[in-house]
């Protein structure tokens, strides 16, 4: 099983999942003006942007991992399929959070569900890297890059757990924390400068 | 018609069909709390996971087949298009089984329809391999690998037939058997260790 | 603009359009048993299969054309985008014909709309080949293959026009003719034996 | 981060977004004949064609930009993700404009929303080129081609701003201007003759 084909397949799932996100948004219907309806959709736009950035970031990180790998074995394939299963699932909790963010009663459950999915994704990605970095590094992998990846992934899961649990106190703060997390990763990527 | 392009096209259909699966899940509406509604969707999550794993497995096996093929001819192309037509169809029976798994009256028909589609897919994949392994093997194909593939594909169709017919006795057991089949294939793949 | 990138983009549109077709099918709702509802969907399955085979055939032919082309220029790019615009449109008339094939009053309009779209696709593909075969053949293109492609494309447009006009007499016959056309092309491909 | 993988991912998003556009069109339901209903959908067809051509053009231009780039760095990656986020968003305003183009009260808001999205896309694409052309040109980039790209991109943003603001006076004229803009770009591409 060639590394290239696994990467191509994963890239396909990333690209499709990220582009399908738009299907969660329906034109406003019924009461009120269109302009008002479009403005009222702001939680949906936020959820769209947060999930788009999150999948985009994960795509960049997935590439970084595969860049250090010399070969692909069955356990990695298995972890990768599970990981992609959660990535491809993201449009659904995004839809849920977009739809219920305006409901005072339900936005806690929606935020927990959304954060929980992203946490699961972070855990699986951590496991994938844990396994790959111990078993499948290519001979000429740069130890400093490997350590750098490990260091930047380590805080991922706890960060998502914290952002998710924040929903118990304040769902709104949790949503903002998840958004901020994506922005932070994007910023830390863009600030790291011209690499390679 | 280059082998690479057929593989790329097939990979595209696999990746899109697997990612479209999420569109079968709609946010819960109306009565009851969101948390309750999300929990009640468990058959949908199961159907999503079973179909995702099934398509993922088929993708891995499709690659294994094409790895042993030296060239592509028109009959193979034809079999491959029919096979992809059934793979791309999977989101629909998945949708049906997800929606009707909770209905005591209808879950038998839903399970038969779902199992029947997967059986058809297994038959077409068996035919594809039967034809390819007799006509299109590359000169340096490893006979042991070819035999290994044949041996691992042979039980595919009867297994799916059995799991489907089980629905006549117990639709629930049939669904679990189909899920277990996917898990078994995933496990047998992941336990076979680092191949190639 | 590299030929490979245009081919890859076209392949992407083919693969996505062909896989999106499944979204035209909704689980039966309401009255009657699920089994009955699934059986009643037969026009939808037929429309799905006809469009799937049609797009699959067109994909094979598109590849045959690009195999004879040495380079890509702007007019070809333009024709290709228009052609892809019609290919990507196919899920909609498929949806219409699937939904209205059972209505005696409307199946004529549905069949005309469906056939008309496929006719437009055939015309644009003919123009694409007409232009490419005069301006962009690679130096070592095999004249017999070029003539063979021209000969097999020439009847395409009139066939679709005829099948579409048949709807004025009998919409059902038109639908079957369109399906038969796809089957004929598939068969003629699969019978032509192992080429290349 | 290889240039090729960023291009492939972007191509994937372009191809998926362009093909998803068809999902904004629903078969006409209820009152009146099907033929009448299909004809009444003309604003939808126009919106489909305008967005399809726009994404198609942007895809061609995106390729032209990456052809001049020697490497990819993190800021470019960031700009590219933001840009793709807007491209993948286009099906939604297309849906809005298709649905509300017939409503006298709402077509102004719909046209402003649609034009605004395309303006944002043009701005981000301008920024992407501004950054890339200053920081990431490959050593052997043809200065005349670079200047040519800059010259052809410069009027993009003001043109979209103008077409969008036109909606304040006449939403219909704005929609036609946006359509004409796409046609103009397509024509200017196709007339530029056989390049490369």
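Should a chain be cited, it is by its letter among A, B, C and D, assigned in written order, with residues numbered from 1 in that chain.
Quick note on the criterion: a residue touches a chain if its C-beta (ideal position, glycine included) is under 8 Å from a C-beta of that chain, and two chains touch if they have at least 3 such contacts.
Since we're looking at a predicted model, the values are computed, not measured.
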Minimal step count in the chain contact network, chain B to chain D: 2
Interface residue identity across copies chain A, chain D - same or different by half: different
Centroid-based (C-alpha) most distant chain relative to chain B: D
Whole-Å separation of chain centres (CA-atom averages), chain A against chain C: 37
Where chain C and chain D are represented by their mean Cα positions, the distance between them in whole Å: 26
Whole-Å gap separating chain A and chain B, where each centre is the average of the chain's CA atoms: 26
Residues of chain C engaged with two or more neighbouring chains: 8, 12, 16, 20, 23
Contact graph of the chains (line, ring, star, complete, other): ring
Chain-chain contacts as defined at top: A-B, A-D, B-C, C-D
Partner chain C, residues of chain B touching it in the complex: 1, 5, 8-9, 12-13, 16-17, 20, 23, 71, 73-75, 77-78, 81, 84-85, 88-89, 91-92, 95-96, 99-100, 103, 105-106, 109-110, 113, 135
Partner chain B, residues of chain C touching it in the complex: 8, 11-12, 14-16, 18-23, 25-27, 33-35, 38, 48-49, 52-53, 56, 59-60, 63, 186, 189-196
